[in-house]
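Chain naming follows the written order as A, B and C, and within any one chain the residues start at number 1.
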Amino acid sequence: MSLRKVAVVGAGMTKFVRRAQETGKELAYEAAKMALDSCELKLDDVDGVALGTAPDAFDGVHMKGEYLSDGAGAWRKPFMRSYVGGGTGVFTPIQGWYHVASGLFDVCLVVCEEKMSSCQPHPQGAFLTIFDHTTERPLGPNLLWIFALEMNRYMHMHGLQKKDIALVSVKNKRNAADHPCALLGDPNITVEDVLNSEVLAWPVQRLDVSPVTDGAVALVLAAENVAKRITDKPVWIKGVGWALDTAYWTNRDLYYPKYVEYAARMAYEMAGIREPRKEIHIVEPYDPFDYKELHHLEGLLLADKGEAPRLTAEGVTARTGDMPVCPSGGLLGVGNPIAAAGLMKVAEIFWQLRGEAGKRQVPGKPVTGLAQAWGDLMQVGTVIILGIGG
Amino acid sequence: MSREVAIIGVGYSGFRALTPDVSYKELMYEAAVKAYDDAGVDPRRDIESFVTVAEDFTEGTSIFDEYVPDQLGAALKPVHTISGEGLHGFIAAYLQILTGAMDIVAVEGHSKASNILTPNDILAYAMDPIYNRPLRANPYFIAGLEMNRYLCETGTTREQCALVVAKNKHNALYNPTAAYGANIGVEDVLQSEMVSYPLSRMDMSLHADGAIVMVLASRERAEELSDSPIWITGVGWCNDSFSLETRDWSGAIYAAKAGEMAYRMAGIRSPWQELDLAEIDDTFSYKELQHMEALRLCRPGEAGPLTEDGATELGGELPVNPSGGSLGVGHLLDASGLARLLEVVLQLRGEAGQRQLPDVETGLAFGWRGLPTTSGAAVILNN
Amino acid sequence: MTSKIREFPGVGLREPDFAEKKVLFTEWKPNARYAWDAGVAIGRYLAELKEGHIIGVRCRRCRRTVVPPRIFCEWCFHPMDEWVYLEDHGVVNTFSICHVRWDMERVAEPLIPAVIEIAGASKGMGILHLLGEVDPKDVKIGMKVKAVWKPAAERIGAITDIQYFKPVK
């Protein structure tokens, strides 16, 4: 059964800042307006709105999808909010995809917003409640624990050192220096800087981590015939995939993200991709911590297990390398407003494939790109594959 | 030509004021097992995607979707949360099958309202933090404002609203899953204490716990697996202005537009004539009347008199909320819309027991997300 | 497109903007409290912890014994077959040494969270808990550890009835 083709035809985003003056609604509006303007559409041209935003505890509003709905352009329109933790940013365009591919909509606005800074004294407080209320919360866990536990297991299983991993932070923060919206771009950061940074929860150090951020990103999706009228460079959604592993994370071996592999396989199959390492030209995996980029590259089957650090060290994943990874600067460099961060990666692939990424543009003529997000209790993988031409 | 999609299995657990013997996982598992057995599917093998409906602050857990896959048989499978009305989740499942990429998708919604110790505080937390919350008013004032405006504009009376309560609680007596069936009269409602004038305590539905799972399938799979697939012929959903300051206070525009979209898809022009039953959100008594009018079952101001005439009773021209609605069954938070849809499915299959309506072919379910939202979704089914 | 845009929206504020009252803001402290029904599986788990036992469940089809207990096997979707008492010692699967609280304030004594595979359960079946009576430098993946329980009179039926796990020789 051949699926209705859906393209990304416009994109917009706000700066990613530590604490925005704008309310969540305003952030959503700015990104949505920019996305519509970028393809010269008006709100009236939009048939439906898909919103993605992660814990309500950040913005400090229960049912925050409703609160954000008008900022996201959903006044008197069909509106739905999807939510899969950190995976949301890449899931929401998938949600937009099924809106349009269903045949019920021709144009769908996809908006992701996060205003983490509202949560005081520290947005990490919102993550205290991700743990099981009976078997885990009484132990006083914080978010850093699960990253540290996973990072330790990953390093242990592959005999890795911190310096192998710190290279990712350096690469991404340097890449981010060329992103106009970046919060933590730094053209001069070195591995030593990362290794000397404060140990938060060993093996996690301060510069291994992406910052708390506010921001919003939006995309405009359109069905094939409409897309071709709107732009001469539609970027097609070739494949989508998502998978959520068991909640019993302490029953899983954290060294390998099987759920990312499942999501990737689903997307590769839909896109007809048989040799991802050859056929994917740009990769934007989710990098809230530096080791996560490596962990995810392996889960995406773009590197053998334990081999992603070597690819990084050899420059394969640099912007000018054979397989550029996080040319945007990723979450480590641009910032991590959870849901918006994932959508930023999708927007990056969109801009890269159209040759519109300015100083971040990867050389050659990339045709196919992949963006992936991740979240929950080391649990969900969401993958989208975009392609230009054809 | 749109793909045809049917509901091939339903399962539910509840509905009761308290469910202290089971955790939410166990409640969901029970509903899922029943739904999958009804559908004749093995979730590990046959179901390709799962949609769950949940809100963090309703559960007391951030990123609640973390905790759903296991009890739905969805571990390592595509799962996502729709933070919306149960019917939004249902529609999300429907859309996935329409794309052609999937054939069998499950949707789940539940309520463990009994586990929320501070429900009004959490409701207040849903309000605009800058313009509305600082007023520190009990959030039910929003319903009071709306009810007052609705009564004023349409000439509907409090007595007519009270009749809705009496009708629905009476219907619930014939519904073994209902938590709040009772024989009460108009006077009982009119004399109950005011919560936020003109909304009295008995105009409000009480919460209940429960879980509902449904399995949807494309035509090919539905015909293989089910003897009585119930076909989805129309869906619609819409959000109106969230802001209290700019919303329409009497019209339920979200319902009007959701209904419009669903009727158009289903090819329905005269809903009152063409529908055989309607399960419509009645979180508050006046809501049933307001939604009836917004959904064009009748003109503004007519829903009250129609109720008085008995037209919406079990034996009436167009039974509304034969299940008992939220007023009779219990309000299941965001899963309420799925409870409305469940009744339509059971009626269309001839499985509604004592409250079975004769000769039913087409039914409408409409869910509203509740205060302080202007968000609703409609689904039309045919057998 | 980013190549064409000069100025992106979004105004970043800093701490002094608030301290110096250049920005107006409102505050709200949510009152969100819950009492979760433990249910059949976790209810039993907690009751057994009160008695000083760790209990798991077994799925015969999948041939695995897991902890924390659940009434269904998430792999084959069948109900679990039987309760199984487990040991109160195990092996460290992974750990961390945490020097900060959730609000990023440093703590004097680091906490050592760990996933501990419980003996008696299938391989890889662990629970989250803390390590204690150990120098952080000495913690290793693969280390054998044993639960240190609270005295019986202080146990209430909670995961904290185990204070922490300590290394065994």
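Heads up, the rule we're going with is that a contact is a pair of C-beta atoms (placed from the backbone, for glycine too) under 8 Å apart; a residue touches a chain by one contact, two chains touch by 3 or more.
Keep in mind that this is a model prediction, so the values were computed, not measured.
J.: Could you tell me which chain lies farthest from chain A when each chain's centre is the average position of its Cα atoms?
T.: Using the mean of the C-alpha atoms as each chain's centre, the farthest one from chain A is B.
J.: Go through B-C and A-B and name the pair with more C-beta contacts between its chains.
T.: Here the pair linked by more C-beta pairs in contact is A-B.
J.: Which chain has the mean of its C-alpha atoms lying nearest to the mean of all protein C-alpha atoms shown?
T.: A
J.: As a quick test, compute the distance in whole Å between the mean CA positions of chain A and chain C.
T.: 26
J.: Averaging over Cα atoms per chain, report the distance between chain B and chain C in Å.
T.: It comes to 36 Å between the two C-alpha centres.
J.: Using mean CA coordinates as chain centres, what's the gap between chain A and chain B in Å?
T.: Between these chains, centre-to-centre, one finds 33 Å.
J.: For chain B, give me the residues that contact two or more of the other chains.
T.: Answer for chain B, listing residues that touch two or more other chains: 57, 60, 69-70, 75, 122, 125, 129-130.
J.: Name the residues of chain A that each touch 2 or more other chains.
T.: 60, 62, 127-128, 133, 246, 248
J.: By residue number and range, which residues of chain C touch two or more other chains?
T.: Answer for chain C, listing residues that touch two or more other chains: 28, 30, 34, 36, 38, 42, 70, 74.
J.: For a test of understanding, state which residues of chain B touch chain C in their complex under the given definition.
T.: 19-26, 29, 33, 36, 42-44, 57, 59-60, 69-71, 73, 75, 112, 114-118, 121-122, 125, 129-130, 133-134
J.: Inside the complex, what are the residues of chain B that reach chain A?
T.: Contact set of chain B toward chain A: 2, 55-58, 60-63, 65-70, 74-84, 88, 91-92, 94-96, 98-101, 122-123, 125-130, 235-243, 253, 257-258, 261, 369, 372-373, 375.
J.: Could you list, by residue number, the parts of chain C that touch chain A in their complex?
T.: Counting only chain C, the residues touching chain A are 1-5, 8-14, 23, 27-28, 30, 34, 36, 38, 42, 45-46, 66, 68, 70, 74, 93-104, 111, 113-115, 124-130, 136, 141, 158-160.
J.: In the complex of these two chains, what residues of chain A are touching chain C?
T.: Touch list, chain A to chain C: 11, 13-22, 27, 30-31, 34, 38, 60, 62, 120-122, 124-125, 127-128, 131, 133-136, 138-145, 148-150, 152-153, 156, 179-181, 183, 199-204, 214-215, 246, 248, 250-254, 351, 354, 356-358, 360-361.
J.: Enumerate the contact residues on chain C facing chain B in the complex.
T.: Its residues touching chain B are 26, 28, 30-43, 70-72, 74-77.
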